[in-house]
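Look for chain A in each of the two complexes below; its partner is chain B in the first and chain C in the second.
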Partner chain A sequence: MSKKVSREAYEKTRSFRFRQWFDGTKDPFLDTMEMKPQEEFCESKKLIHEQELQHRKIIEKSYDVEHNAQVRLFQKFYNIFSVIFCLCLLFILLMGVSYLPQYGHMENPVNNEVSARYIEKGLQETGAVNIVTGMILDYRAFDTLGESHVLFIATCTVLILLRVDKKKYQETAEHNDRIYEPKNDVILQTAARVLVPAIEIFGIYVILGGHLGPGGGFSGGAVCGAGLILYLNAFGFAKTEHFFTGKTYKCMCFGALACYSFAKTYSFYTGANHIESGIPLGTPGAILSSGLILVLDICVGLVVAGTMYTFYVMFRKGGY
Partner chain B sequence: MEIFLNILLGFLVVCALAVSVSKNLLNSILVYMSFSLVMSVIWILLESPDLAITEAAVGAGVTSILFIITLKKIHAIVKEKDEEERNE
Partner chain C sequence: MKLEFVRNFPLFCIILTLFSGPLSMILSGRKARYLNLGVITAVGVMSFLVLAEVSGSGNPYVYRMGHFPAPWGNEIRVGPLEAFMALFFCIIMLLSMIGGMYERKSEIVESKENLYYIMVNLLLTSLIALIYTNDLFTAYVFVEINTISACGMIMIKQNGRTLEASVRYMIMSLLGSGMLLLGICFLYGLTGHLLMSNIQESVARIAAAGTYHPPLMVAVGLMCVGLAIKSALFPFHSWLPDAYGYSTTSSAAILSSLVSKGYIFLLIKIFYRVIGFDVILNSRIINLFFVFGIAGMMFGSISASRENNIRRMIAFSSVAQIGYIYMGFGLGTTLGVMASIYHILSHAATKSLLFVAASGLSECSGGSKEISRLTGAGYRNRMAGVAFTVGALSMIGFPLFSGFISKILFAQAAVDEVGKMLPTLIALALSTILNVIYFMRAVLIIYTPTGYVSAESGENYTQVRMRMHPEKSIVFTGFILLNLVLGLMSQPIVELCSRGLGMFE
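Presenting the complex of A and B:
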């Protein structure tokens, strides 16, 4: 038979306290321990001064080369070791050179049938008058694909290393050259007005005429990128932002690389293994000839021009 | 033509030595620039104009500009800055 206990009596029992502890409604340390809120941490001026003194002393001691035996030892070791390292590298490289095939020997890989075939059948098979372009964008197009991707990866690395987060940093003169821009240098602007269109047109000519004469995607793209950099220097970021931003670069680079990959895989699946590629080679010497070489040239040119410009912008300002 | 090529090659050697010996970083960059320019002329003489265009654009143009910006960013071009401040 249970007995009804009054509230006050129940509050004194052990089960009630256990229940309170279990529910967490009562702090077990309340009234048993002294509690006070933590003080905010602040260094006294004396402490700071002492620390500074100590720091200065350490710096003085460690950079005092004349009386520091360890530093002297390290420098001596460094000098000797650098000389030894250079000599070792020299030795290894010369060893490598000595294993190269003899110059002008008949059995050398230079004189095998591949190069003869490139020269004899290059025009017929690739349709490019410029044998070099025919080689790097047709026979060895996968090499060039890898090179374009290397450029893209280099840009990604520069972006990771040099990009300035706009939210984190206040726009100071240190982080942003834009405050001083445009400098309105009359000589530079006049020269740029005359030169930039000529440079850009020359670059486009070099890209488009890659299969007809000297040039190609890489050199033309580099010329175009140099022209863009000159324009940026003369007229400032405000003007270049109208047509070239980070988004433009992203679209351009991705589009060019994807186009290159698709075009080249197409010719790989259809043109290799003696299957007809189906793309007409055209008459050698015409601008619309030699199959996919013109398209690939334009793709490589776009990637290279964008890469050059992005490098410059990242080094200069850390953002578009 | 052979003599001309030899003169240019000698210039290359002098440039390469000057870059490593020079104490001023800006000077070494300018010498490096001229090295690339001479190199592009040599490429033309060796009948490879493709490489000449690339060398002139990349070696003499973009790379040197990137070097100069880097020097400016790390405040290695001290003299010029002092002069600018004096003018202001």
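Presenting the complex of A and C:
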């Protein structure tokens, strides 16, 4: 519309009528027509639902192994190929093993000065009657330091994956199975009352006797953790959390690993700088002997027990 | 014999990072974050002092871990190359951690934040221990820590994609670890040693006598293939794009630039210090590396150019760059390995820059990661745009930046090797063209004015100013400077690395 002419004046001009005819609002023969704007395209709910059904059908069909030739072919290929691959690997490994030095032979390269010193001087140098403990906690303590942190970090990844933190989730059975507690299972509870103390005492014995005989932190800690799990199953979280919560685990783990790190830093530092460590080895065979090994065994035992228990708690539903 | 105090620092680096893991467990997320940054800085400073000490004295030294000498106890070995790698890894890790700080706030549940820093701290421990260790079994223990912590870093951002990616990563990575362990077992059965220098002596004897040839080759093959799987060499790369593409920014940057590089560094150590380079050359496994390296360069780039998700595109480009590194090994000369080491450095500096910059670009485009939605992002977030362009140019191999130097080193190394010269040069040229195709497409799109986009897709676009994330501009500046240093002052670094590599034998 032009700005120079008013609306009324414009409507009288020829160009306005031409415009009306051109737009189709006024037919010269039928007079003014009503124009309706086009309706916006809008899918009905039924149509959307139908489309969703179709979409789902397509997806189902493409993953439907029985009727999808391509997927079936791929799976067949995959199965055959993996079998062939495994057979090849098996063949190569067996061939490699068959050329290895014969097992248990005197002149094998494995029987060299390294193992000789472990066996001959192990008791004298580490003070541990159990040579294996002396090896892993004194000769090659750096490896075991790493190994105990492997356990620790494994627990942390499980905590990342499975710990339920949101309060609103913890009230539903889907996310928290503590709502079924307490379970008053008389047989289980009676058995647990008898067994758990025995298991715990045995576990502590295995940990403390690591440098004297078969045992040590890893195995003893596993026994202790198993005892805790049994107790939890019999009496439920309400009772267990009187003495073992997530916070207990955190502090215990931190304490044990920090103690381990500090003890070993001291011994690495003094060893590398040729300083006497000043830790007495004691009489071999006594419970308080073999320098740091007993302390380290206790640390490893605590970490392992906590790890076992935390794994179990995390694989049940609920927080910690 | 008195040890200078500086020489204790590698031990302190390892113990400090190891100890900060359990300490983060009892701290809150915020405190753990500061602890993490402090620890990385401290380790970096200590590594620098060690580097100064070692390159001043000119000799590597062996540090005894405990009261028992080497074949019975553990020991670590510190040379200029090791110290330099430790320092470099610390710098990259520090920049990546600061660069991803903003994204981590929204992507990590607050109560699990401290668990993330446990992962990062222990990852740093394992990297430093892998760099310094002189014992194969110690290396295996820290490979385990490395695998688990990398897995945790992928799945800390909890959605279906990252969970699937971490499951894939775990399966492939454990396969690699298992093969590495089997290889170490074979070697132990043949030599009776776990210490690297002792194994080398025994292997040289065995190879000369020719008695245990088949199991020795099986051991070499198992270790090489295991580490190749873990560092995503071409046919084993299927876990990589999801793991890098969907995890949180700092995880992606650290995984791509450090985790795979730690394994490659271990492989270099195995080449030179465990098996001996001559035995490796005779085993012809390097020809395999050469073929798969070149195949990786091609397929990685082709997959990257077909990708529409910018993070996955950068991840596929990593496959190609890993291919470069293995191609350098495949040349079978010390010059080739040297070029690979330089490419480790330049790829680490560039890839982490690209990941941080890509997250900045998608932040100003409504969080979208699709390249087509990033139109004009370079104008909305100027710093990230410049950083992305620098990274892309460096990946292509533009002079001034680090990628150029490593490509030149590859070409120089190839010229010496008559049989492999032509395929190497052709592969370098083709891969450069492919790099240009997909990186320049991304750069052109982020610098296309927004006016060309329809209004509806542009509604999420926001302007991101530098003062909104001051830490990010520091990180970008740091990364760009690092790239320029590697690109312009390469001579001293190359000399340092080759001197360190020479001391490996």
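Just so it is clear, the second predicted complex is superposed on the first by the 235 of 320 C-alpha atoms of A that agree within 3 Å, B and C clash if a C-alpha of one lies under 4 Å from a C-alpha of the other, contacts with A are read in each partner's own complex, and residues count from 1 in each chain.
Heads up, the rule we're going with is that a residue touches a chain if its C-beta (ideal position, glycine included) is under 8 Å from a C-beta of that chain, and two chains touch if they have at least 3 such contacts.
Being a predicted model, the structure only gives us computed values, none of them experimental.
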Message: Is A:V71 touching anything from chain B or chain C once the two structures are fitted on A? First, second, both or neither.
response: neither
Task: Name the chain, either chain B or chain C, that contacts more residues of chain A.
output: C
Field: Partner chain in contact with A:V164 - chain B first, chain C second, else both or neither
entry: neither
Query: In the superposed arrangement, does A:L281 touch chain B (first), chain C (second), both or neither?
result: neither
Message: For A:L195 in the superposed arrangement: first (chain B), second (chain C), both or neither?
response: neither
Message: Applying the document's definition of touch, where does A:C259 land relative to chain B and chain C: first, second, both, or neither?
response: neither
- request: Would you sort A:F152 into first (chain B), second (chain C), both or neither based on which partner it touches?
  value: second
Field: Interface residues, chain B side, partner chain A - complex
entry: 48-50, 52-54, 57-58, 61-62, 65-66, 69-70, 73
- request: Give every residue of chain A touching chain B within the complex, in rising order.
  value: 132, 206, 214-216, 218-220, 222-223, 225-226, 229, 308, 311-312, 315-316
Statement: Listed in rising order, chain C residues that touch chain A in their complex are 1-3, 8, 11, 15, 18-19, 21-23, 25-26, 63-68, 71-74, 109, 111-112, 115-116, 118-119, 122, 125, 129, 135, 137-138, 141-142, 144-145, 148-149, 151-152, 155-156, 158, 163, 182, 186, 188-193, 202, 212-215, 217-219, 221
Message: Can you tell me which positions in chain A touch chain C when the two form their complex?
response: 92-93, 95-97, 99-101, 108-115, 117-118, 125, 138-143, 145-147, 149-150, 152-154, 156-157, 159-161, 163, 165, 250-251, 253-254, 257-258, 261, 264-265, 267-274, 277
